[in-house]
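Two complexes come next, and they have one chain in common, chain A, joined by chain B in the first and chain C in the second.
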Partner chain A sequence: MKKLLEITLGIVTSIGGFLEVGSLATSAQAGAAFGYQLLWAIVLGTVCLIFLVEMSGRLAAVSKQPLAGAMRERFGYPFFLIPLVAMSLLGVLVLASELGGLSLALQLVTGISFPWWAPLGAFAAWLLLWKGTFSVIEKGASLFGLITLVFVVAVFRLHPDWTRAAAGALPSMPRHEPMRYWFIAVSIMGASIAPYLLYFYSAGAVEDKWNETDVPVNRVTATLGMLFGGALSIAVLVVAALVFVPRGIRIERFDQIAPMLTPIMSRWGFFLFAAALGIACFGAMLEIALSVAYLVAQGFGWKWTEDARPRDVARFSLVYTATLIGGALIGIVGVDPLAITLMSMALTSALLPIAIVPFLILMNDPHFVGKHGNGWISNTVVCAIVALAFVLAVVSIPLELMGS
Partner chain B sequence: MLTRWRMSCAALILSLLACGGKSVADQIAEHDRVRVSWEQTSRFAGAEWLDLAVPDAYAARTLQRASEELRSDSEALTREQLPSRELARLHAALSIVRARADALARAVRARDRDAVIRMVNESPRANADSLLRQAALR
Partner chain C sequence: MDIDVIRDLLDKQLVDREGEPLGRVDGIVMAYSADAPPRITCFELGAQTLARRLPRPFQGALAWLGHRLSPRGSSPYRLEVSRIIQLGRTIKIDIDGTRSAARETERWVRDHIVARIPGS
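Moving on to the complex of A and B:
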C-alpha cells in the first residue's frame, strides 16, 4: 500500500512538473507552423527522457550517489569540469527563459510589462529555496503544476482527428520551411531531454534516501510519469495546431500563444493559460536553480542538501543564489523570452553528448550500478536519439542564426 | 555498418545545408507568411476582445506588437534584393495591414466596440479549409 502511494505521488509530481516554458513554447510553435507533423520529435524526446530519468534514479538508488558526484569520481576533476561549466552556463540560460515565461504570465494577468517582473520572480524563487525544504519544493510546485492538465481538457473539447494525429508520431520530411522545421524539432528535443532534470532527480533520490528496493518503484514512476508528462506536450501541440493553423497564425512572439485556450474556454481559458504558464515556469525555475547548485556542490565535494539551513550549506546556497541572479539579469534586459527559449532549447540539444555520454558510461560500470547496469536496449535508444538531436542541432542552429 | 551510418549522417547534413540558401520565391513567401500571420493575429485579438475573452491591456499590447512587427518586416524588406514589382506589392500590402492594426489598437484603447466590430468584419479571414488541408489536419 505504501509503495502504491509512493508510485502514485511520484507519477502525479512528474506530470505536474513536466511542462515548462521550453516544452510549452516549442510544442505551440510546432503545432501552429506544421500541424501534427512534429509530434514525432516529442515522442522521441519523451522516450529518451523516460530511459534517462529511470537511469538517474537507479544510479542514485544503487550507488547512493547523485549523478554529479558519481561523474566526478569516475572521470576525475579535469574531465568533470567540461560538463560542469557547460551545464551550469546552460542552466542560467534556461533559467532566464523560465523567468521570462513567468514574467510573461504575470504581464498577461496584470498588464505590467514583463521585464519589471523578472527581479520579483527571481526573488520569490530565491526566498522559497532559502526557506523551503526539498519535499515542499518538489511536491508543492508539481501539485500546483497539475493545472497544466487544462491542455488535455482542451484537446478533448476540440475533437481532433486522432488518426491524423497518430500519423504525426512517425518522422517525416517537412512540406514547407525546412530550416524552421528542423530547428523546431531540435528545440523540442532539447526541451524534452533536459539534463538539469537528471541532476535534480538523482539528487532528489539521494535526499529521499532511496536504496536498491526502490529500483522497481523508480522504474514505474519514471516511465508512467514521463509518459503522461509527454502527453501534456502533445496536448499543447494539438491545441496549437487546431487553434492557430485554421487562422493562419504563426507563433513569432509569446503574446500570440496566450489566447490558445480562449476559443474553447473563453475568458477562463486566458487566465488558465496564464496560471499554467506561470506555475510551470516557477516550478522549473526552482528545479533549475537547485540542479545547478547540486551539480556544482556535488562536483566539488561540498556539503549539499536543500533540507539544511542555508548557513550550514553556505556554498550550496550561494550557487543557487548566483544562478537566480544570473537568470534575473538576462530577464531584466528584456530579451524576447520566446527567442531565448528556443535558442536555449536548441543549445541543450547540441550539448547533450557532453552530459549524456559520461552518464551512459557510468550506467554500464558495475562499480557504480552493480548488477543493475543498463541493458542493450536502453544504451542503443539513448545513444541513437542523442546522436540525432546533436547532428540536427549542430547543423540547424547556425542556419537558423543566419536566417534570422 | 559504420560506413552506412556515416553515409546516412552525411546525407542528413547535406540535406539540411541545402535548406540554408533562400531563393527569391522563398523570401517572398516568407514575407507573405509574416504579413498574413500578424494580420490574423490582430483579427483574432480583436475578435476575442469583442467576446470579452481577453483583457483590454492584452488586446491593446498585442495589436501594438502586430504593428511593430509589420513595420520591422517592412524595414527588412528594403534590405533585400527582390524584383521591384514584388517589392512594391509587399510594401503596399504591409502598410495596409499595419494601418488596420493601428486603427484596431486605437479602437480597443478607446473601448469603441462598434469600430472594433466593423474592423474585425472588414479584415479578411484566413482560408481555414485550405490551411487545414495544407497542414494535413483535414
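Moving on to the complex of A and C:
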C-alpha cells in the first residue's frame, strides 16, 4: 500500500510538471501546424525525462541527498552558482507562463478578461503553499490532475489514423516552414524535459525518506508517471492535429487553443478544457515555486520542508514567496502568454546542459550513488537527447527572434 | 580516517546536535605557526566567505550585497572543528543551533518578515 502511495508521487510530478501550459501550448501548436509530424519530439522528450526522473529519485534514495545539495557538494559553491542562477530565473519565467495559462482558464470560465488574474492566481498558489503540507499538495494535485485525461478521451472519440500517427514518432524533415518546425520541436523538448521536475522529485523522495530498497519502486514510479504525462502530451497533439488542421486554424494567439475540445464535446468540451488547463497550470505553479525554494535552500544548507509552518522554515518560505511574486510581476506587465511560453520552453532546451551535465557526473560518482551508478544506456540516451535539444535550441532561438 | 578537505569537508551540510541544519561549510580556516604543523581550526559560514570564493569581478558586488542583506554585517561566522561529533553525510557540530549565530539570518527573516505574515 505504501509503495502504491509512492507511485502517486511519480504521477503527480508528471501531471503538474508534464501536462502544463508548456506541453499543452507546444503540443497544440505542433498539431495545428504540422499534423502528427512532430510527435517524435514528445517521444524523445518523454524518454529522456523518464531516465532523468529515475536518476533523481535514485540519487535521493541512495545518497539521502536531494539533487541541489549533492550538486553543491560535488562541484563546489562557485560552479553551483551557475545552475542555481540559471534555473531560478528560468523557474520564474516558466512560472509566468503557467500563470498565463491559469489566467486564460479563469477568463474562459468567467468570461471576464482581467489583467489581475495572474496576481490572484499567484496569491492562491502561495496560500496553498503557506498553509498546506506536502502530502495535501501531492494528493490534491494528482486527484484533480486526473481531469487532464479528458484529452485521452477526446482522442478515442476522434478515431485517429493510428498508423499515420505512429509514423510521426520517427523524426522527419519538415515539408514546409522549416524554421517554425524546428523551433516548435525545441519548445516541445524543453517543455517535456523540465529540469525543475528533477529538483521537485528528488526533494519529495528525501522528504518521504526513501532508501536503497526504494530503488526498484522508483524505477516503476518514474517510468509510469512520465509515460502517463507523455501520453497526455501526445493526446493533445493528436487532438490538435485532428481539430485544427482540417479547419485550417493556425495558432497565433493563446486563446485560439481554447476551442480545442468543443467540436468533440461541445459546451462541455469548452469547460473541460478550461478546467484541465487551469488545474494543470496551477499544479505546475506549486511545483515550480517549491522547486526554486528547494534549489536555493538545499544549496545553502538552510532548513527546508513543505511540512513545517512557514516561520520554522523562514528562508525557504521566503524563496517560494519571492518566486511567485516574480512570476506574477511578469504576468502583470502583460507579456504575450503564448510567446513567453514558447520562448521559456525553448530557453529550457538551451539551458539543459547546465542542469544535466553535472547531474550525469554525479550519477556516475560512486561517492554519491555507490553501486547504484548509471549504466551506459542511460548515460548515452540522456547525453544524446540533451545534446540534440541544445543544438536545435542554439540554432533555432536566434532565427525565431529574428523572424518575429 | 583519511579526510579529503575539499571532497569531504568543503560545501558539506552542517547540522547542530539535534540534527537541524546550520548551513554549509562555506570556507575552511587553517592555523599556521612556525613551531607547530598547520592544522584546520574552524569552518567559516557567511556571505563574505562565499563572495571570496568567486572570480574577482563578482566578489565586490556579492560582498556588498551580503553586507547589506546580512543582519550581522560583514563578519563571517566560525565553528570550531573541535566540536565535530559526527562526520558523515553531514557534519554534526556539538552546539545548540537555536541560539547559534549561524542561524541569525534565518531568525531575522523569521522575526522581521515571515512572522508578520498571517498564518505563518
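Here is the rule we go by: the second predicted complex is superposed on the first by the 387 of 404 C-alpha atoms of A that agree within 3 Å, B and C clash if a C-alpha of one lies under 4 Å from a C-alpha of the other, contacts with A are read in each partner's own complex, and residues count from 1 in each chain.
What we mean here is this: contacts are C-beta pairs under 8 Å (C-beta built on N, C-alpha and C of every residue); 3 or more make two chains touch, one makes a residue touch a chain.
Keep in mind the model is a prediction, meaning the values are calculated, not measured.
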Exercise. Given the touch rule stated above, what does A:Ser266 touch, chain B (first), chain C (second), both, or neither?
Worked result: first
Exercise. Touching A:Ser396 in the superposition: chain B (first), chain C (second), both, neither?
Worked result: first
For this session: Report for A:Ala258: first if it touches chain B alone, second if chain C alone, otherwise both or neither.
Result: first
Exercise. Where does A:Pro216 make contact in the superposed view: on chain B (first), on chain C (second), on both, or on neither?
Worked result: neither
Exercise. Taking the superposition as given, does A:Arg175 touch the first partner, chain B, the second, chain C, both, or neither?
Worked result: first
For this session: Report for A:Lys64: first if it touches chain B alone, second if chain C alone, otherwise both or neither.
Result: second
For this session: Based on the superposed arrangement, let me know which partner A:Pro246 touches: chain B (first), chain C (second), both, or neither?
Result: first
Exercise. After superposition on the shared chain, which partner residues are touched by A:Gly370: those of chain B (first), chain C (second), both, or neither?
Worked result: neither
Seminar exercise, completed: The residues of chain A that touch chain B in their complex are 34-37, 108, 110-111, 161, 164, 167, 175, 178-179, 182, 241-242, 245-250, 252-253, 255-256, 258-259, 262-263, 266-267, 269-270, 391-392, 395-396, 399, 402-403
Exercise. Once bound in the complex, which stretches of chain B touch chain A?
Worked result: 9, 12-13, 16-17, 19-20, 22, 33-34, 36-38, 40-41, 43-45, 48, 51-55, 57-58, 61-62, 65, 69, 126-128, 131-132, 134-138
Problem set entry | Contact footprint of chain A on chain C as seen in their complex | 6-7, 10-14, 20-24, 26, 50, 53-55, 89, 105-107, 109-110, 113-115, 117, 119-120
Problem set entry | chain C-facing residues of chain A, complex | 63-65, 69, 72-73, 76-78, 80-81, 130-131, 299-304, 309-312, 314-315, 317-318, 367
